[in-house]
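Presented below are the structures under discussion, each in the form of structure tokens.
Presented sequentially are two complexes of chain A, the first with chain B as partner and the second with chain C.
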Partner chain A sequence: MEKPSALSKIKKASSLEKANRAGLFFVLPFLIIFAIFNLYPVLHSLRLSFYSWDGISPMKPVGFANYVRLVTADPYFFKSIGNTLYLLILYLPLTVLLALLLASLLNNKIVPKKHFFQTAWFLPYIVAPVSIGLLFRVLFDWSTGAVNGILVKIGLLHEGLNWLGDPKLTPLVLAILLIWSDLGYVTTLFLAGMTNISSEILEAAEVDGANYLQTLFKIIVPLLKPVIVFVTITGTIACLQLYDAANILVNPGMMAGTVGGPGRSVLTGIWYMVDTSRGGSTGRPEMGYAAAITYGLFFVTALFSILNFKLISSKEENYE
Partner chain B sequence: MLIKLMKRMLLPLLALLLILSAVGCGPKEAPVIETAPGEKSGEIVIWAWSESEINGLAEKFNEVYPNIKIKFVAVESDLYLSKLQSALVTGGELPDVTLQEIGERGAMYALDIWEDLEAAPYNLDRNIFFPQILPTMLNADGKIVGIERELNPSGICYKRDLALEFFGTEDPDELGAMISDWDQLIAEGKRIAEESGGKVKLFAGLRDVESILYSQYADTVFEENLAHITEYYEYNMDIMLRMYEGGMVGKLQMWTPAWNSSYIDPENYILYPCAPWSPVWVVKANDPDGTGRWGVTTAPLRGYSYGGTAYGILKDAKNKDLAWTFIEWATTTDHGTEACQEVVGAIVSRQANYANGYPASPDEYFAGQSTNQYLMENALSGMLIRELSQFDVVLRDVASFVMEDIYNKPGITLAELVEAARVEMKNKLPDDMTIE
Partner chain C sequence: MNKIILRIFIYAILIAITLVMIQPFFFMVLMSTYRTQQLGDVLTLRPGGHLMENLKTVLASGFMSYYWNSIKAAVVFTVLSVFLCALAGYGFAKFQFKGKKALYTFVLGSMMIPAQLGLIGYVVQMRRMHLIGTLWPIILGDIASCFGVFWMTQYITSSVPKPIMEAARMDGCSEFRLFFQIVMPIIRPALATLGILQFVFSWNYYLRPMMTISNPDLYTIPLGIASLSTRYQTNYAAQITALALGTIPTIIIFILGARTFISSLTSGAVKG
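== the complex of A and B ==
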């Protein structure tokens, strides 16, 4: 085969360069918009975290004071992280387990009208968080809510529980809200994963005498590990970013509620950040400190994501 | 050659077009056109939460200033301050006339973003207003940076049939005399709770009581770097704790659908906080078929100021002159203040409107009672309003936080409630503030 000549190499390089330039021009609009609306705000907020600013007066540089305050003198930041961890423990394992069971049911040939059930389960996911918060607030109202009404009527309770006013109960209600909202979406992800599992493996398991649950937990679940990792990490991030549903659930507006709910038991990191930036319950907007909270949350989110990934991946390696 | 040059330019041009198409148009400046000497015209932007109210006022305003158009922008009262801050920071369109709801007014006035309305070119005379209302119009420097549109001498709305059954009277004066102070009210509440087997309560929830107590408290709470919150919470929490333990307060959270529904509940709750705006915007709204069922009486201890909306002008507003034209019309002229009375249902803050007393306006819904006249004659004289503070929102938030302990921790003591409030206040207030 003839070696390419120097001239042909130069021509090829030149046409590649042209192609690269053409490609660059086509991604340039995206890059510019990304730089303006994503990258710049991120860098600006990082810069802002080293200032004290109420949004109106001139910015005052404070160095690392905001971060020192965050780590050493802010009970609400760690409370919000603790609340989120607790919420994660209540919400994530149950969501994954229920979604697995639902997906395996939907994947089963004997279940009729699968698409109808799949759609029905998915619908809550597309409802706005604000609407869901409002709905659950009405359902779990202490005096007039349907939940208390039903539980008292069937004799499970003597009198209604203060679901949205008791710091021990409100996180449970929020967890139920999140499970109801996300179950359909997670089920869909697992279902997609299950349809990709080769039927030969399942048939082999059946031939070997494995029952339904053994097949589910010893064959299907290990093969769904990548989906579980994805669900766990995104679920953790979603919990750390939770705001609308929690706020609407416990705050009827007109300044009649408490920021973070009863005992600040459902105060999430983002809610705390928003309240700090606006000064809603402190009377003084602190945008610089709110930016520091955001970066504190970022580090916590990254840490959780890495831990999740390492934990599940190391189990995967052991399994292999 | 030319074709090559055009081809070379084509891609960058396409890219530029794509970027420009993603960039929206900037806000148009509202034109101020002088159509004739002395005749004002243009457009003013008003951010408000009630379109019907602004449209109603605009219609009246245009009878006098036909060439000034009012553009209504819907902003929820809860999000008003944060939207203002966002607009100020981002350089977005600002309102010319700003509404300042009493809940966030202290925090709003702490920001140096308002025009001093007593200074030129506004030259407002504060003496035209009721003196009681002045503290709600002043910032920390004593400057008027907002004009309170309405005077809100407030009392209690009550259900006549339950009052007759359990107080033995539905007459407003007689009922008011029976609950003339908080100790009397608590004694009556205990009796009613016992007689009804715990079924009938005075108030639907603790927040109803707290709203009255918060507004009634006249002593200064925040000054310089001192927060006198111990006395504040001792006083308020003592009353709320005794009322809840006495079984005379329900479990409904204010402004929830359940609380709204309690207005048509004929059996359980008798009393509600009542401002001059409550009959229209709360009572009739929640109990549209309640004609003849309701009355208004005085609150325990004294009248209080409940709610309120002021008009202000931002320093960065585009059309300050036209904004002042509207505000001056609405708050200082006969035509404007009468429009406010009619459209908003407000008792206005301008004294001249009531030089001959408040006119009677019997309301069939309230069994012929003239509610605003009653409140003016019985609640205004005793009404005391403390000065605004940016930390008023902290007082309310911490009160909500501590009230939950009253609900959830039976047997909690007053000392424990006050201590919980002190801890929360310490967490919320600036580090350099001393809590007493």
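== the complex of A and C ==
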């Protein structure tokens, strides 16, 4: 091959430089839109969180007062976090366990119509959480709901339970809703992970006389760990940011009603923030305090993500 | 023999689970054919005769305009978002410029920040920009998707060969023509995947629209569904019919493209 002459080298280098400068122009539109509509609102929220403001009258700087109130004098903020954690305990382990069992049922040669089942189970995940909230509200209705109808008919209950009027039962309904809507999605993730496990490992287990459950929990689950970690972390974050389904389930319509459901048992952090920004508890919209709530919630979310991460990586050391 | 029994057993479980999973939707459709007083009869599993009446009530209240608003918002949102992310992903994947590493790290870091963090500031911003009476607040806040850029960068890095780009440049192809005529066709699968993700996201989105849209003429389907109970206070049958109207198109479209939808919606998890 001919050696490139000095001139063509320079030419090539300068055209490459030109091309590389074009790279910035490809990235720029995204960065500008991001700065205006994402970065600015986040920083503006931060600024607002140091003010007392109803959205109309002049803003009054209050320093850290909003955050002090959040931590020391606001029972609802901690209640909403507590509600979320309770919901997480009800929902996440059961979802993971059920999805593992379902995925392992699909993961064999005996079931040729995998795709049909997967599609049917995935369906709730794609429907808007708002719709699912209203649907469950109708199904769990105290007097006309199908759930009470079935339970009474088969004799499990004497009379229908007031599912959505009892602070003990409402979180259960919400957990069932979440399990139902996410199960197909999580199953699909697990199934994708399982198909990646080489059949040699599973055959070896069979030769060694491992039964179905032993194979599932001793061999498949450890190999699926990355997916389980993903589901745990995203599930935790999703619970902390829950709003749509919880809101519609107990309080459809955008009018102020029973905020957080009976006994505020399904009040979530976002719901509390939305309600505060509209003047829920005091009758006066508190934009500054609502912004402080979002930052408080973000702090808690970050804390849990780190905790999750630490917990998982320390377990990893034990394995090795 | 044993294998047949096992097969029947597994199928029985799978079918039972499937019935449980789709039961709520089935009840929804059944109940839309009842009168409010009859709703308790759903357990008979027999359809009633009031579907037309319910449909008339719901359509008379302008439910169709929710569809139109949802379609407008979702299409504009999806096109803008996918385009922005593809451009940025291409820039990050195939060029070397000053500050690239820092910018890309910034984009990846921003993926960890939930959209709700800026919500209050966003509402104030939309008011100041006088966009509250339009559909733009639904669209603008999420088009710059950091996940989308990450996804595109990953895809373009591995799928667009450098020699093709260099050959085009040698032929005097401008950088923008290179992107539109050569790169875009190559990355079509990634554009489709991100497009589906963004469309579904926009179609189901509730929180940001609810905070920024107050005019019922601009309601999207989730807002319309959420406002049903204030519209038909005691007419539960009409509420359920509207719910079915808002939900069934999603279900049909999902079933038609199930494979693509499922692989798109789970792709983020598998890659990330």
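Heads up, the rule we're going with is that the second predicted complex is superposed on the first by the 290 of 320 C-alpha atoms of A that agree within 3 Å, B and C clash if a C-alpha of one lies under 4 Å from a C-alpha of the other, contacts with A are read in each partner's own complex, and residues count from 1 in each chain.
Keep in mind that, in the parts below, a residue touches a chain if its C-beta (ideal position, glycine included) is under 8 Å from a C-beta of that chain, and two chains touch if they have at least 3 such contacts.
Everything numeric here is computed off the predicted structure, so don't read it as measured data.
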Fit or clash - chain C, chain B, common chain A: clash
A:Y76 touches, of chain B and chain C: first, second, both or neither? first
If touched residues of chain A are counted for chain B and for chain C, the larger one: C
Which of chain B and chain C A:P29 touches, first, second, both or neither: both
Partner chain(s) touched by A:S131 [first = chain B, second = chain C, both, neither]: second
Contacts of A:T144 with chain B and chain C, given as first, second, both or neither: both
Partner chain(s) touched by A:I237 [first = chain B, second = chain C, both, neither]: second
Chain A positions touched by chain B in one structure and by chain C in the second: 21-22, 25-26, 29, 33, 55, 138, 141, 143-144, 252-255, 287
In the complex with chain C, residue positions of chain A that touch it: 15, 19-27, 29-31, 33-34, 37-48, 55, 102, 105-106, 108, 110-111, 115, 117-131, 134-136, 138-139, 141, 143-144, 146, 149-150, 153, 180, 183-185, 188-189, 192, 227, 230, 234, 237, 241, 243-244, 247-248, 252-255, 270, 273-274, 277, 287, 290-291, 294-295, 297-298, 301-302, 305
Touching residues on chain B, where the partner in the complex is chain A: 11-12, 14-15, 18-19, 22, 76-78, 81-82, 85, 88-89, 103, 106-107, 110-113, 207, 250-259, 261, 389-394, 396-397, 400-401, 404, 407-408, 427-431
Contact footprint of chain B on chain A as seen in their complex: 21-22, 25-26, 28-29, 32-33, 54-57, 73, 75-76, 137-138, 141-145, 162, 164-167, 252-259, 262-264, 278-285, 287
Residue numbers on chain C that touch chain A, as the complex places them: 3, 6-7, 10-11, 13-14, 17-18, 21-22, 24-25, 27-28, 31, 39-40, 42-43, 84-85, 87-88, 90-92, 94-98, 100, 103, 110, 112-125, 140-141, 143-144, 146, 149, 169, 175, 179, 200, 203-204, 206-207, 210-211, 221-223, 225-230, 236, 239-240, 243, 246-247, 250-251, 254-255, 258-259, 261-262, 265-266, 269-270, 272
